[in-house]
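The structure appears below as structure tokens.
So that you can tell them apart, the chains are marked A, B, C and D in the order they are listed, and the count of residues begins at 1 in each.
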Amino acid sequence: MKIGFIGLGHMGSGIASNLLEHGHAVAVFNRTQAKSDPLVAKGAQRATSIAEACRNDVVFTMLSNDAAVEDVVYGDGRVLASLVNGAIHVSSSTISVALAARLAADHAAKGQGFVSAPVFGRPDSAAAGKLFIAVGGEAATVNAVTPLLNVIGQRTYLVSQRPSDANLVKLSGNFLSASVIESLGEAMALIGKAGIDRAHYLEFLTSSLFDAPAYKIYGALVAHETFEPAGFAAPLGQKDIRLLLAAADGLDVAMPFAGILRDRFLTLMAHGGERLDWSAIGGLAAKDAGIAKSS
Amino acid sequence: MKIGFIGLGHMGSGIASNLLEHGHAVAVFNRTQAKSDPLVAKGAQRATSIAEACRNDVVFTMLSNDAAVEDVVYGDGRVLASLVNGAIHVSSSTISVALAARLAADHAAKGQGFVSAPVFGRPDSAAAGKLFIAVGGEAATVNAVTPLLNVIGQRTYLVSQRPSDANLVKLSGNFLSASVIESLGEAMALIGKAGIDRAHYLEFLTSSLFDAPAYKIYGALVAHETFEPAGFAAPLGQKDIRLLLAAADGLDVAMPFAGILRDRFLTLMAHGGERLDWSAIGGLAAKDAGIAKSS
Amino acid sequence: MKIGFIGLGHMGSGIASNLLEHGHAVAVFNRTQAKSDPLVAKGAQRATSIAEACRNDVVFTMLSNDAAVEDVVYGDGRVLASLVNGAIHVSSSTISVALAARLAADHAAKGQGFVSAPVFGRPDSAAAGKLFIAVGGEAATVNAVTPLLNVIGQRTYLVSQRPSDANLVKLSGNFLSASVIESLGEAMALIGKAGIDRAHYLEFLTSSLFDAPAYKIYGALVAHETFEPAGFAAPLGQKDIRLLLAAADGLDVAMPFAGILRDRFLTLMAHGGERLDWSAIGGLAAKDAGIAKSS
Amino acid sequence: MKIGFIGLGHMGSGIASNLLEHGHAVAVFNRTQAKSDPLVAKGAQRATSIAEACRNDVVFTMLSNDAAVEDVVYGDGRVLASLVNGAIHVSSSTISVALAARLAADHAAKGQGFVSAPVFGRPDSAAAGKLFIAVGGEAATVNAVTPLLNVIGQRTYLVSQRPSDANLVKLSGNFLSASVIESLGEAMALIGKAGIDRAHYLEFLTSSLFDAPAYKIYGALVAHETFEPAGFAAPLGQKDIRLLLAAADGLDVAMPFAGILRDRFLTLMAHGGERLDWSAIGGLAAKDAGIAKSS
């Protein structure tokens, strides 16, 4: 199976690298071409255009937001115009439910396959093939790309035959993670203000009821207020809460926790949070309580 | 070490039973005496009064709220009046930070030891000696009761020498659990309304980033809207959020998630939620979205 | 000054009628042409196309949302293509800050004037020339249309020379009104559940600290739970809170009250609120408290 | 009718002064006796004890919180012990619904009358006899003191025969005022960050839909961020939201706006807000948005 791969940021590079290491032929493309170099050095073919990357059985896209995906998919020489009949577009970007639905319809109209396969995990998991993948798409199409997904992730969750459902699952997962961050932020502001050691407290939580990666990863960042460098940048986290709220709006689902997260990101951005990790929203409760390092 | 044990509800009975099984002499007391029978059958001594239960080296109290603890501790023939100098009161009830501080001061004034040792876990964990225990108290006093705590729990977390700090940790832990319930409730309302299977979704979450007891236990209850019978009754959960907010009020810590949880419990109670499990607050987002079984 | 008027809903008809009564020549256009009939009967000229309505010195648009305005303004034969150099477009619709900014730029590029003049008031105020108008636009352009605005409204507030600022003021005003509705809804749920008469209570409020139209109008609707027929339909109110939140998002301003209003509208819509007045969000607190007529 | 008056703070002094000016005999008492001097200079009798102040037909209490009222009412030589059978206690303090209910029961048991008559208005209104008064009590008892209430206030609202209902109305009114402050704070953060003049904006609001004292008074303070000196101190406002939430808790009424107000006061207190006016919570949205003078 010949693979094209568009979008070589932290996540995309890791995924493409994995596919290469598992013996797949991968033609890589990135707007800033220099990002292709390390992969070409590992044996990837360099695609000099989106169209060239699309001359394969499958093309992956891993981009930062809706606008980037729309830019790569729509227009002359772009994905929709370039994929041959029967080829498959696997979209791993975290995009809106609405855009995923539109992509599904447009690819179907062209006789092209479309699979939504957004991933959970940070760049190190991507490089290690340890991602968790939510997958949406028609059974036959999903089956065709399953061997590739098995390389990328440690676990694939087939959500439904509607691609956009996978995106909804991804957004809801980021909402749950952000809720973990906020709840830890509030709890640590409280016990911290009482003078209780936050690292010790976290160690207890994560060895009891909250023994899960989400609590370990974000708990450590919040306990130590270590919000730089950004593993997952705050503006991306904010974008995901926006997309979640847009999906909730479309379905008439009130989500009060999400509303609070929305406000947290706005306050963070109003105080120069662009370069911080998204877990920095977990520092705002301490700031409100007058005990943040930076307050 | 001779032990008195006051309060034989689901949690207390399990803990007392464990202590017996580990060879300790335990004199049990409960206001409704019939609750003592199963323990007496296992070899416990029946104490016919609080004062009698206090004629031991250590007396545990495991009661449902501040009022019950105040009733048992203060007054003629009660704990404070009955414990001999040097004996230790171990309070495992989930009570307010303020009451814990008051108990600490009053026992100290009498030359009695006081240890706050609230526990995390449901009745089955209590019976199995698998609780997690947050402990606060002076080092020597805590050391004296540590062998007993090791029987009761799988893990003891020594918070600080100030007993009430353990209560604050306990309340913050219940806040984190309630936040898990609410966040899952919102996420499942969203993906459920989109037509995605909730049980399947939960299985994915708990095998990836949210692989923790809190998500497994509460996720199953929320996914299936199984809120009866109550493992941990909603009025007790509501009480704990009240105590958390009272503590946060005393420390000037704003906790927006806690405010939402407060409102959820009020709405639950306004619709007959007294007999439900506290995870029933996780069903309110689905109700607001018009998709709850009962809505 | 010759006037074109596009959009003859409840608000637009009232405004156009006023202009006629004050002796202005008005050419009216509505997609559903029958809506022009009453105005033609009063002496208006019937424009059979948008382009025809634009062959005037000034063209007003009064439409229900961004999509309707975009549809009328952009494309062949639409406002932007039809207005002559120097003619002025007065937009009185409640639209997004972003669209207002885009209209300002596009009209300027064509040498056309643009004034944002969203209005406060219900249809009866429109018919009576008693609206309040927030106005944004370049001074000379605003001056040119001021005599017309003085006919429409009892008070004109010149916000700034940037048209979109008037839209921001309009959205913020609707946010304040929605906040009045919600706060009254919560207060009346509280005192109502205590058994205190709500109408009597309202009478006291509005004769003391809250002696303002917003409290009188919405208070009466909330006190009596009279949410039909809709004076201002809930979907329009929801749209305005959405636009407010979009503007706040663009400016990094967290607005917790607005987040709650957002959730209220979603819950209302999830329970069939499309046909209700927007003040129906003020009935949800009573519903949560278990005392609404309909709960 | 002979009157005793206990509690000569800003509000109490104003009220007592009015009663004197209308020809009533008033015996005044304050813990800090010097506060009696100005009233004695105006003709008041100085009561040297609570008991002495109670040797009258009616005794007013105007104190800062539940604790102060409990201290004055309960115990040897205090109000409950000192009032003769048939005398009336008029409580104008803003106290909890629970305490008002307790006072009503205790006075009834003693054959004493009890009227709850909390007031709306700032000290200048108290001095001018321009307060608004919510009144709860048995009809005959209320009738007996109505001539006095008519001196104190410009308007009396007889809520019900249950005294505590008047306290609930008072607390709900302060909740509505605090909601005005918060909504104005959010709206002004938004339009202010866009560069729109806040004073001009306020002038428009208060001359249109929001033409009410609450918007004028608090709007001016928020627009100019003039939070000192305190007309109504933030800790008192915080206390009232606490009492409101306690009442809502007792009635199972969820009040999301009140939850936000609660958090605002906590954040204010965590940043040294004790000496500010309660309208300072209306400055926190601007602070979150990064545009407050002090941020």
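Please note the rule applied: a residue touches a chain if its C-beta (ideal position, glycine included) is under 8 Å from a C-beta of that chain, and two chains touch if they have at least 3 such contacts.
Given the structure is predicted, the values throughout are model-derived calculations rather than measurements.
Participant: Using C-alpha centres only, name the chain that sits farthest from subunit D.
Facilitator: A
Participant: Decide which interface, A-B or B-C, involves more C-beta pairs in contact, and give its chain pair.
Facilitator: By number of C-beta pairs in contact, A-B is the larger.
Participant: Based only on mean CA positions, could you tell me how far subunit A sits from subunit B in angstrom?
Facilitator: Their C-alpha centroids are separated by 37 Å.
Participant: Just the number, please: Cα centre separation of subunit B and subunit C in whole Å.
Facilitator: 53
Participant: Among all residues of subunit B, which ones touch two or more of the remaining chains?
Facilitator: Those would be 248, 252-256, 260, 263, 266-267, 270, 288-290.
Participant: Touching residues of subunit C toward subunit D in the complex: what are they?
Facilitator: The touching residues are 120, 132, 134, 155, 157, 159-160, 165, 168-169, 172-173, 175-177, 179-180, 182-184, 186-187, 189-191, 193-196, 200-201, 204-205, 207-215, 244, 247-248, 251-258, 260, 285, 288-290.
Participant: Taking the touch rule as given, give the residues of subunit A at its contact with subunit C in the complex, in rising order.
Facilitator: 242, 248-249, 252-256, 259-260, 262-264, 266-267, 269-270
Participant: Any idea which subunit C residues touch subunit B in the complex?
Facilitator: 256, 263, 266-267, 270-271, 288-290
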